[in-house]
Every structure is written in structure tokens, then in C-alpha cells.
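The structure follows.
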Amino acid sequence: MEQREIILKIKENFSKSEVKVFDEKQFSVFADKDDIVRILSFMQMIGFQQLAIISAVDWIDEKKFELVYNLFSYTHIQQVLVKTKIERDNPKIQSVMNLWEVAQMYERDVHEFFGIEFSGNDDMRPLILHNWKDKPPMRKDFDSLKYSNEIYGTFKKSEEV
Amino acid sequence: MVNIMLRFLFAAFTSIIMGLLFMGIGRKFIARIRRHYAGPFYQSFIDVIKLFSKKSISHNWIMDFGVMMGFAGIIATIIFMPIGPFNVFSQMQGNIIIIIYFMTIGYLGMAMGVAASGNPNATIGIARALTLMLGYEIPFVLTVILLVFANNSSLLQVMVVNQQGGFMEWNAIRYPFAFLAALIALQGMLGEQPFDAMIAPSEIASGPMVELSGKFLGFGFLQHAAQIFLETGIIVNMFLGGSQNFFIFFAKQLALYLLTVAVSGIFPRYRFEDAVKFFWMAPTALAAIQLIIFII
Amino acid sequence: MNYKKKSLLGPLSSLKYLFHDPITVRYPKEQKKTYPEHEGCSPQYRGQHTNDLEKCVGCGSCMDICPTGAIEMVEFNDVKDKPGATRKRPVIDYGRCCFCGFCVDVCTSSSLSMSREYIHTFITPLNADSRDAGDLISNDFVRRPDLSLTENPGWNTPDEWSWLSLDRMVMGVMEPKERKTSFVEMVRGYSKEEAVREAQRCVACGLCKEACPIHMDIPEYIDAIWKDDIEESVKQIYKTNPLPEVCGRVCTHKCETACSIGLRGDPLAIRWLKRYAVDSLPLEKYKSVLLNNAIKPVNKRVAVIGGGPAGLSAAFFLSLMGYKITIFEADEKVGGIMRYGIPAYRLPDSALDKDIDFIKSLGVEIKTNTRVGKEIEFNKIKSEYDAVILSTGFNLGRSTRIPGSQSKGVVQALDFLSDTRDFAAKKIKEVEITEKILVIGGGNVAFDCSRSAARLQMMKFGKVNVTQICLETLDIIPADKAEVDESAEEGVVLICGRGPKQVMIDENGKVKGLDHMKCNSVFDENMNFNPKFNEEDKAICEATMIIEAIGQAPDYSYISDDVKSKMKFERGKIVLDKNNETGAEKIYAAGDIVKGPDIVNAIADGLRSAIALDKKLNK
Amino acid sequence: MSEILTFMGMEDQYKKYELFFGPNHPGMHGNFSYIITVEGHTIKKIDPDAGLLHRGFEKLVEQRLWMQNISLIPRICVPEPDINEAIYSIAVEKLMGVEVPERAQYIRTIILEMARIGAFLFGFGGIGGATGLYTASYWTFADRDYLLDLFEWLTGARIYHMFILPGGVRRDIPNGWLEKLSETVDYLQKRLYEYDRLIYNNPLIVKRLENLGPVTQEDAMKYGITGPNIRATGIKYDTRKAVPYAAYDKIDFEVPVQTAGDGLARAVQKREEFQVSLDIIKKAIQQMPEGSVRAKMPNPLKFRVPKGDVYVKLETAHGEHAYYIVSNGSDKPYRMAVRGGSFTAGLVYAQKALVGMRIEDVALWMATMDICPPDFDR
Amino acid sequence: MLLTSTNEIKDNGMERILNFFRKKSLWMLHYCTGCGAVELPPTMTSRWDMERFGMGPMATPRQADLLLITGYLSVKSLKRVIYTYEQMQEPKWVIAFGSCPINGGIYYDSYSVINRLALYMPVDLSIEGCMPRPEAIIDGFTKLMKAIEKGEAVGYKKYRENYEWYKANQRNVLERTSAVLKEEA
């Protein structure tokens, strides 16, 4: 399928979603957060086999988290970014690990770094960080330099060398 | 008595020193295949001295005992092997059956020692080593049986005497298939690739040695050195005509050792059950064929 | 190739290397020999840093680009002061350095480079108390770049590969043909895109700030322009400069001479950027942008005599401090040299008025057509006001005093320029010119004269015949290079290195030409102005009108004698004491009469006198 | 004696036990750990424990200027660092709409292919190390060093070159470099046949690799296994062909595929791609155009990227490495998410594939799947 | 604790003789903690061949004399490295590679990477560079050998004597119970 046809199909089924074309091999779909599982399973059905990555963006000024599901199709050679925004205060969204098994690890990762809850995904043990007590580090209001200086210390540079 | 003690000490020291020397030369040799230089040939001596200078950790007395037993087992076996013209007990002259029996003591001691350390990697390693032993003992014993029949004696000395008079008389020429089987078994005995599944660093982190430190590793090193000397010595006596000259004897051993090193340099390791299967197939078949030829 | 083909012989072939030499590089004994002409590491290896301390200007770009924060600028005691440079030099923390070489690629002075030396190991000292192990060993890795490593050069960055944008954004200027027919402003100014692109060239080194007489926050306002935040930019500009429209056009831009980008390429067009910033913000918005804090009034009155740049500057800053200001201006409008000295094609009235209108809007009272000493007595002012600032400037033309210079066809530059200005403003119908004009002088004013004359000739006769003669040779000419080039484009003929001898006058008493001679040297050993001429080498230049533009002089006739006697003068300028006071009570001085003619200096001086005054009055 | 009896009876106790495979384990590639539950010699459960190499790149790039990041990101994937610079540069160029000069494209292609060959050599050595054929590792690591020599000559550093920048490359090629490169390529070609004899025709290696963790096409797509490993299952997809970048659209090359998808197919696939990379370099040297190597770019201290987001993925030796970059129009990236080429294979697919395997095959499986911990720890 | 043998180090004379053998046979632990590990394979293998100095990789900490911290250490790795270091038998030495263990290197502002290794374990030798080239590594090794021969490389003794201090530092990083950055109201 051409990119145009895919977009038409998405528009047909999900009229509320906004589509933005980046170039002939890549486009993004912005969907409502309640639609996300439906749209992703629809995408899987029309031939987007690979879930390349799930990532999140912290739009702190808007008080929103943006979740980006990155899909790829070997049949259409198309890269799709399916995006949705959720509230920053109580970040919660449906898990998609039933569609792709790899989503489990990506969601665990996003949970660890952004503190987003995925309902339906139970294994949320910390994977990367050791004994983490602060707020999730990838949030924009977490100051990494301050943290580092506080706990790991740094040399004071001498004035005259 | 003192005389025997001195002779015993001589045998033990010769085996350790020559073994360490062989190891050093072997490292230089394999480095050549790998296109580099490696350390000096006396590197193994430095390593051993260093290991004995280190602090070592013992988990319990069983570990101490096991490691010592492994070392002592190999050294004790040396007693029965003719080193060129030299024999610790002139009347025993190296009964091959006893040698095979004693050699297992070394492994058992090692097994006891490292199992006491409680590291699962070591346990897996020693289990593999013992299984592998089952593998290479079969073809080796077959070749031994062949030679015992051929010489009507189980004494290595007798075998050596029977091979005098030019290399055409060597058992290696007379019984080439058996010799091949014995070489493959030797590869397994020395634990070189492709039969090094028991120490395999990338699988079980060097297996039995995983918990050995300092002195214990030093003893392990010495045991390995003595083992190289012993096992190459047995094959030299059995197939390559031994020698009445120390230097020729050592040279034959070294040649044999370098052969195993060269093979280990160009082959990866077998899975250990594949290795056992292989031992029961190829070398056993070779030895059996030789035996059948001999019987016919 | 069939990979299922198993062959025992395949691996065995590897045994051939038993008979080959190993490929090992036995390092401490031998080095690898891969590169032509170099043993060891590569000819452009990124090893430890080395820095030419003399060449370095301490701009700090290396510190800004360093991704690891490894570079810190530290003041070096053994570095000599030099103009356009600070005494700070980079010190590198090898506990952070990642050897990316970005510092070298952005180095503005091409002094920083990397060597091929890479070995540095240090053993933690035995006696170091483990409690502060870190600090004790820090000296082992926080180091100055090693100067001896220059003998082993590695990564360095010629201009070609520099990351800096070395080419200036070209400024739209009218074509010579077009511009010489009118007095319309010839520099078009930057568009938004152009300004942003020019502003991004800045590395924010701050050397310009040092060079600028008023120490404007140049990096800050350029940064604001880059961020497209005009209001912030204007705010930054007005912190120190009350006449940005003027400065954005006719400043002598010492900042651009100091600009560190200029070491490798074209300096930033700081002046044009300033002009862009203030041009883009309409006057109506000034108040809301600039006057955030209410001015706390001080119940004191200050008189400013002379509405030139210094006077306006002093008035601006004093009124921000809350003083009540009155400016006494002899002419019809304030502006002084800015209005009557600078031709309209460089500084149009609209721009000047914008600046002045804003100052007026602060509540400054301006009394025009009030010449002190004529319309009002100096002593009256002195008694009525709490303080008086003199900023009358250099308002008299200086004559060459050669024979014939008093004749009718010889005019003074300021008179000529002021007439021209009036003509451009359509106040008078015509300026008296002839077909052959000769201008004497090599400063900016002289060029203003010759270019104005060229325009007038073009408008009147349709062709240009202006010759300019100056003492200095081209390399030491005091005027801007742009002036020289542009005047040549407009058809002005420049004769360098010759001094006037006498004005030739014909039988009717009209000017016929100028007799000039070669000038051997302009300055003596002490760098004082003391020209030496070669009288033998003579030539005659024909002209029917001569404009003298060799400098200006002050006029102190309005000051009452009792005040004058308390003040000190040297070479025509007023000498101030260490508190920036003149010596006479209540009398302060600013501008050309203190510093010599220059608009930026005058503005700076206005601020300085305002501060001195405030200090005294608010004690 | 009780100790010995305990040992004899240990079979029960050790019937099912946990084994820490890594981080301090010679078979582990990099600093990473699998907690393996073993029954006998067979793996029953596998639990990856990542994060030992975590540096927080995604946070660090948000704290640095766009250009400063060039020196930071190569460290994400250590064996093949150039790919990171290339992805980042391409993403920035796409967002800014910058056209890269053709010569720079060719230089990029050569650098990327050299890095790829370096990573393949690492991979061959890894197979050698995992199977005990140390001669292979000694050879390949030493031969890789000749490529590093060339890198050092061109870029001034051995490992982290920081040579590919937004807008082109940092320097032009020095005199004599291309000749030396052709020499090295010829040498590697000669050596490749020796590797064939030592590794790929070695009956024992074939025996070890055959039927090692076969991957089906469906699994490969679903689990996000990419690069040579997906081509080893028979899917003919190569990012260099499908979504060309650098000068790959101007260079003619074939994409090899295998069908079996097992360890041998994966290893052989990498060997074939090694050959393809050598060919690409040879062609790129021949076609190398003249011209400038860097488009005019803004001052690095005042470098801004227009608002927008882009996902760029490039082909590497261990799969597709990709960045998702979001810019809010300021002088620092707003967000950069890294998709390491082996994230899914090492963390998710391993949980499925390794179960039922024997412990001696874990290291070898990792070597053939090219599990690269730095790129999923980030 | 695993450090069982805390006997006093033997007198200097005997140690000096043994040091000769120790420096000639430094076995390093084959543990790649960071990106510096990428320069170790070339150093170990044919091109640079550190076996010439009697050095070789060892599979387990028990057998090794030398711990190489190859680059940065994340907190999670630090815990493993400390375990490993304590498992090693004396005498033992630590070499820190590159900028990162000295003062944080390029990760100076990372929340996950320690800045100063010297706070958590005794470092005998630091090699600068990012990454240190094989030549620099070999140079570092020879320098350490000289220091060992002179009896100057005694980091392990320092660790023993200041054990509590090191432990406190380690606990500060590894066993926190509360957040580091206080929540701003």
C-alpha cells in the first residue's frame, strides 16, 4: 500500500485522529488516549508488524506526557509514529503488551524513567536503575547535574594552576 | 630408603619443572599461530612463584585436602612412569594399569576440592571433567589393552624395550590407528580444545578453577604441569619408543605436546556431551579396528 | 561458497603462520609505522592540548563549547596585557576531557591545538590520606596546556575547517550610481532573517564589551536578537546607550575591531545589529519595554548646556535617576553634531528624532534657540540650577592656516555639512558648490564632506569631480575603511600622503587650486601629531572650491571668567580631577570638550559625568 | 567425608538453581547480566538484568547544545560508534532541511562501512571467544586495528571519531588515505578467505552453530529483530536499500540473505555482509566525487534546530539503530529516545529463545545475535 | 565481610623479592565495566600483545591480581565492582582507565555514573585519555610494574586500613534510603 492509502484507511476508521506526513517513508498519527489500543491493533492488522520503540516526551509546560509508539511495516516500508497525550499528574494508559510482547519491556522502561503506569502490565520491577529513590529521572523537572554533584561530588578546580 | 626418597623427589621435580617449561614453550608456540610473540618461555615459573606469594582463601578443610590430593595423585603417578632411562622403583618399571588407576585419583581429588568451594560453576565444571574422563578412558584403555596383548606385558619398560631398533619398530608405526586414538585421548586428558569443555571460560568461567586462589591455583598449575609431563610421557613410552637419553625423551614429549597445542589453537571446543559421543565414536572405533587387525 | 562444506584441512592451513613473522608492534621498543613521515600515532591525532599564550585572546569559546565542562578560563599571571584580549587562558581538566577537539575547532584565535602526545598516567601518591584522596591528586590532572608540546603538533584547525561562521552577512547597500544622486540613507539595514543569521555568528566572548567605551552588553543583546526577542535586546541596549539609533549607524565600532571572530574572518556587524534591534521596535513600545521601574524623583535641577550626544546622554541618565533636566541648545533642534555634522545619507533625521523623542518623553525640558551667553547668561544658569553640565562639543572648524585659506572659496567642513543637512531636510534650496571641489583631510568628517559634495554635484551638474587630499597614507588613514572604499565608488578621487602648502587664488580672488607637497611622516617618535613635509615634491591640484576638514575646535567663550579660571585646560580640552569634576563648583563637563571628538565616547562621557554628579549631589 | 557425600547428593540440591551469567563473566559481551535458572544443564528461565552500563544518555543530551552532543552520543554503541553520529546528523539535517555535499555523503558511506566491518570483525572474534577458538579472536581484533589506524589518520582518534557532523564531515580526506584504504581493503579481502577456512569451514564451529536458536520470520518481525539477523531468516530488507541515506542510493550493491535463521545462518550472513561492505568501500573509492565536504552551518554555540520531531534509523552490524529526536526550537534537543539495535533481542527475545537451551550455548547465542549491552543500557 | 586474611603484610625485604615476580605476572580480571573495554581486545591480542609482559585475562576475580576499571562506572556496576574487588586476593591493584573515573569525564552530570572512583576504592594508577590508546595502556602497565617493584603500589593496604571510610562512602551511594534532591514545595 502506498502511504496515501494507509492514511486514507486510518482516516476512515479513526476520524478523530490527526495525520502529519514527514516524508514519503514516515508519517505520524495523533490519536486520543482511549483509542490507542484500538488504533495500534488496527495498524498491526494492516501490516505493521514491528513495534520499534515506545517512548515518552515530557511536555512540562502543557502538563502532559506524550507517548510515541513507533511502528514499522516490512510490507509497506513505512514508519509510523502513533502519538497520544496523557495527563502528567496521573499518568496512566492501557498496556499494549498483548499486541506485541516487546511492549512489555518498553513499557517497563518508560515506567522507570517517566513514572507512567501501564494498566495490564504487571512486571514493573526496576530494570536499569539501582536503588532509585528520587523522581523518575527523565522528567524535565529532575535536575541531573544537581543530583550528580550532590551525591557523587566533584573536584573544585584550583584558581591558579 | 633415602635413596628412594631422593629418586622420588628427582622424579617429582623433573616432572614439574619440565612441565612448566613445556607450558611456557607451548604458549610461545601457539602465539606464533595467533601472530604474536607472548611472554618469555620461563613465564610459567614466574606465574607459579607469584601465585604462591599471594594470599589465598580456603572455604573449608575439604578444599585444602582435595586440592592437595589432586596434586599428590599426579605426583604419585609419576613414580610409575619411566622417565627416559630413569625409574623411581627399578623393579616396578611402570605398570600401565596402575598408572591409569592412579591418574583418576588426581581428578577425584580436584573434584573433591572444588566441589567443597560450593560455586555452581565449579560443580558443573567438575561434573563435565568426570564425564569427559569417561569419554577418553574408553579408547585409551582399548589401546592399552592392545599394547598389553602385543607385548604380553603391562610394563611400560617392556614396551619401550620392544620398540628399540629404529623408528620403524615404534608402536606408532606398527599400530597407527591405535596411535591416532591415543593422540585424540591425550588431547582430552590434557583438556585442550576441542575437549576443554570442563574449563570453558566463556561458559562456566573456567570451571573447577573458579574459586581457587593463590596457593590453591598454584597447586592447580603445578598439577597441570605434572600432568602434561606425565601424559605425554606415557604416550612417548607407549608409542614413540621411549628413550635411553633424557634429552631425546624430553624432546619427544615436547613434540607431542606441541602437536596437541597446535590442534587446540585451530579448533573450537565441543559441547561436552558431543565430545563424549565423539570419543566413543571415532577414537574408539580406531582403537577397535587396530585391535581387530591385531587379533586377525 | 558452501558453508556446510566441512573440512579439517581448512583450519590446518592456519598453521602456516608458524613460519610467518608475528604482526605485533612491540610497543615500548618500537612504534607502529602506519603513516608516511610519522611513527606512532597519526599526524592529526587528538592528544593533549597546547596553547599559544601570546596568540590566545582569552575569548572563552573553548570553555563554552566543551561538552564536558573540562575547560575553565583562569587568569594567568605570566600573560602580558594586550589590547583586545583578556588575561584569562584555558586550563584543562583531564579528568573530564573527552579529547573531542571541539575546543580547537571553535578557537577564534587559532592558538589552541592538540598535540600527538597522549601518554599521561599518574600513580596515586602513597602518602595521600585516603580521606581526601581526590583533592590531593587533582593537581595531577587539572593542568595548563603544555607549551612544549607544540613541537609535536597533532589536530589543529586552519580557517577552512573552523566551525565558526567567518563570513559576515552581507549588508544591503545602495549601488554607488543610485546613492550618489540623493541623500537617502544608503545602508538598507538587516531584515529579520539576515539579522538572526548575523547574530548567530557571535560566540559571546565579551571582548567587545571591554573595547566599547560605554561597555554595552553586546553579547546579551546579540543573543536576544538571535532568540528573536527584540524587546529584551532593546532593553539590554538601553541599559548603557541612550542613542542607539545614532550609534547603530555612525558609531566608530571599536567593538568590531576587538571582535574575536575578526581574528579569523569578518568581525560581527555589531553596529548593524544594534540598528536592526532598535529599528524593529516602534517608539510607542519603548516606554512599556524600558521603563519597568518607576523613576524615583529627586528634587534637584540640572542644566545641560549643549544638546549634543554627551548632553543628551547625561540628560537621559540623570532623568532616569530622577533629576529634573533642562537642555540649553543654541540651534533650532537638539542633536548637535549628529544633526548638523553627519550627512543625512548616513544618519537620517527620522532615526535621530526617534532617540531624542524618547529622551524628551522622559520629561527632559529642551530650550532650543537659546545660546548661552547670548540669550541667557551663564551665571544665571549657574545660580538657578543645582548643577551644570557643559557639553558644548567641538563646534568650531579648524583651519589649515596656510596662505590663502582665508579667501572666499575656502569653507569649513562643519559649515558645509550643516548646510548640506539643511538642504537634505529641504530647509534651504541650495548649497553653494562649484564643479571642481577639493577636500582637505583624512578623517571621517573629510569623507563626509567629499561624499556630500559629490552628491550635491551630481544633483546639480550631473557629474562628480571631487578630489580629497590627506596627510596620511592609506594604511594609517584615520577614517574607516568602508568610507574610503565607498567614497571611491562614488567617484571621489583620494590623494594620500600629501599636505597642503598654499591655496592658489586667481586674479578675481577666487580659488584656483591647491599647491600641495609630499608628507614624509605624520607622527613623531612619541606618536604625537607632528607632520614632516618634503617641500621639494610639489604638485598643484586644480579646484574652484576647497573644504577644510582637518579637525574641529571647542568654543569656551560663553563660560564666565570666574568659572573658567578654576578649570584646567590642556590642548583645548578640559581636564577633570579624579572625581570627574572640573574644579569649579557645580560645573561638570562631558563630551568632546573632555575626550575629543567621537560620538560613542561622548555618550560614555555623558554617563560618567552623570554618575559623578549624582555622587556629589546625593552625598 | 560428609563433604564428599554432600557433593554426591548435590544433584538434588542443584537440580534447579540460579546461575549468574555475568556481569563479571568472560562469556558475557560487555557489562550485562542474565540470571539463569538452570535445571541440570538446561535453562528453565532467564531474567535479564540490564542497566550496568546505564549512563542516562537521553537525559544528558537534553542538557547539552546540539553540537556538543556529537561528542557524547558515539558512546551509546561502543563497537560501532560512527553510526550514532550519522543518525544524529541525519536527523538534524532533516529537521533543518540542510543539503549535504555529495563528497561528504561518500565519505560518510566509507566511514560507516569501515565501522561496520570493524563491528563484524568484533563479531567474528566474539564467536571465536565464545567457542574457545581464540585464534580467531586474536586475528580479527588485530585486523580490526588496521581499520582503526585509518580512522586515526582521518579523524584523529581511534574509537570515538566525532567526525560526522550535521552538514557533512569534519575534515577532507588527507593525501594518501584512499590508497591506504584500498590496500587495507585488499588485505582484509585476503584475510576473509582465511577466516573462512578457520571459522566457517571448521567442522566443529559448524557443529556448534547449526540449529543454535533458530529464529522464524514471524518472530523476527514481531520481536523487532533487525539487521543481519532478520536477513538470516530470509526477509530481504535492508535499510540502506529501502530508505537510502548517505551515498547508498548511488552505489550498487546486493543484499545477501540466508534462509535457515539459525546460528550458522546468522554467522554466515555476517560473513557475507562483510564481503558486501568491502565491495561498497571499493566502489565508493572509485566513485568519490570532488567538492566541498561540509555545508555552511551556523556557529556551534548558537545552533538551533526548528521545531519538529523525526525518527531516523540506520543499518548497523547488530541491527537497526535509531533515534527519535524532538526539538522545540531551542538550542538543545528537547528529547532523544534511543532504540538500540539489540534491545528487543537481548532483553525480550532472549527470555523466549534461551529457554530450553543449554548453558554452554548462551555466550554463543549472544555472539551470533550480536547482543550489544551499551546500546540498550544507554 | 569477605576479607578474611588481615595479617600484617610481611616485612619489606621479602615482599620486595616477591614483588619482582608479581610485577612480571600481572593477571587482569576479564571484566569490562565500561567503554574503555573496547580498547582492551586490541591490547590483549596480536597487534599490541600484552602477553609479552606476562599479563593475561583471567576469568574469575579469585585468580586475578589486577582490576581494570575500564571507563565510567554506573552505580549498579559499582556494587558489582566492589564485590569483585573484595573477592580478589591480596596483593591486588586497581587501574582506572580514561577520564571518567578520575573526575566524571563526559558523564560528569549524569545521575547514574559516579564521578570519583577514588572515593569508593583505592586506585593505584589512572590512565588519562578517552579512551586510552593501547600504547597508553601498555605505558600505564609498565608504570604500574615499576611502582610495584618499588613497593609503592599498595592500594589494597590503604583499603584495609581505611576500610570504614570506604564503606561509608560506598553505602552513601549504594544503600540510600531517601531521595537525594529534596522536593521543592
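Labels A, B, C, D and E are assigned to the chains in the order they are written; within every chain, residues are numbered from 1.
Convention: a contact is a pair of C-beta atoms (placed from the backbone, for glycine too) under 8 Å apart; a residue touches a chain by one contact, two chains touch by 3 or more.
Everything quoted here is computed from the prediction, not taken from an experiment.
Both chain B and chain E are touched by C, D.
Using mean Cα coordinates as chain centres, the one most removed from chain C is B.
The chain pair with more C-beta contacts between its two chains, of B-D and B-C, is B-D.
Relative to the centroid of all protein Cα atoms, the closest per-chain Cα centroid is that of D.
Centroids of chain C and chain D (each the mean of its C-alpha atoms) stand 53 Å apart. The geometric centre of chain A is 38 Å away from that of chain E, both derived from CA atoms. Note: centroid distance chain D to chain E, computed from Cα atoms, is 28 Å. Each chain gets a centre from the mean of its Cα atoms; for chain A and chain D, those two points are 24 Å apart.
For chain A, the set of residues touching two or more other chains reads 128-130, 137, 142, 144-145, 153, 155. Touching two or more other chains at once are residues 11, 14, 22-24, 26, 41, 67-68, 93, 95, 98-99, 134, 138 of chain C. The residues of chain D that reach two or more other chains are 25-26, 51, 54, 56, 59-60, 63, 71-72, 135, 138-139, 142, 160, 198, 202, 377, listed in rising order.
Listed in rising order, the residues of chain B touching chain D in the complex are 30, 33-36, 60, 62, 111-112, 115-116, 120-121, 123-124, 193-194, 196-197, 200-206, 265-272, 274. Residues of chain D that touch chain E in their complex: 23-26, 30-31, 51-56, 59-60, 63, 71-72, 75, 78-79, 122, 125, 137-139, 141-142, 144-145, 148, 158-160, 374, 377. Residue ranges on chain E touching chain D, taken from their complex, read 29-35, 37-39, 41-42, 44-48, 57, 59-61, 72, 74, 76-77, 80, 84, 106-107, 109-113, 130-131, 133. By the touch criterion stated above, chain E contacts chain A in their complex at residues 74-76, 79, 103-104, 108-116, 119, 172-181, 183. Remark: chain D residues 48-51, 54, 56, 58-60, 62-63, 94, 221-224, 226, 235, 237, 242-243, 309-311, 313, 320, 322, 324, 326, 334-335, 337, 339, 343-344, 347-349, 352, 377 touch chain A in the complex.
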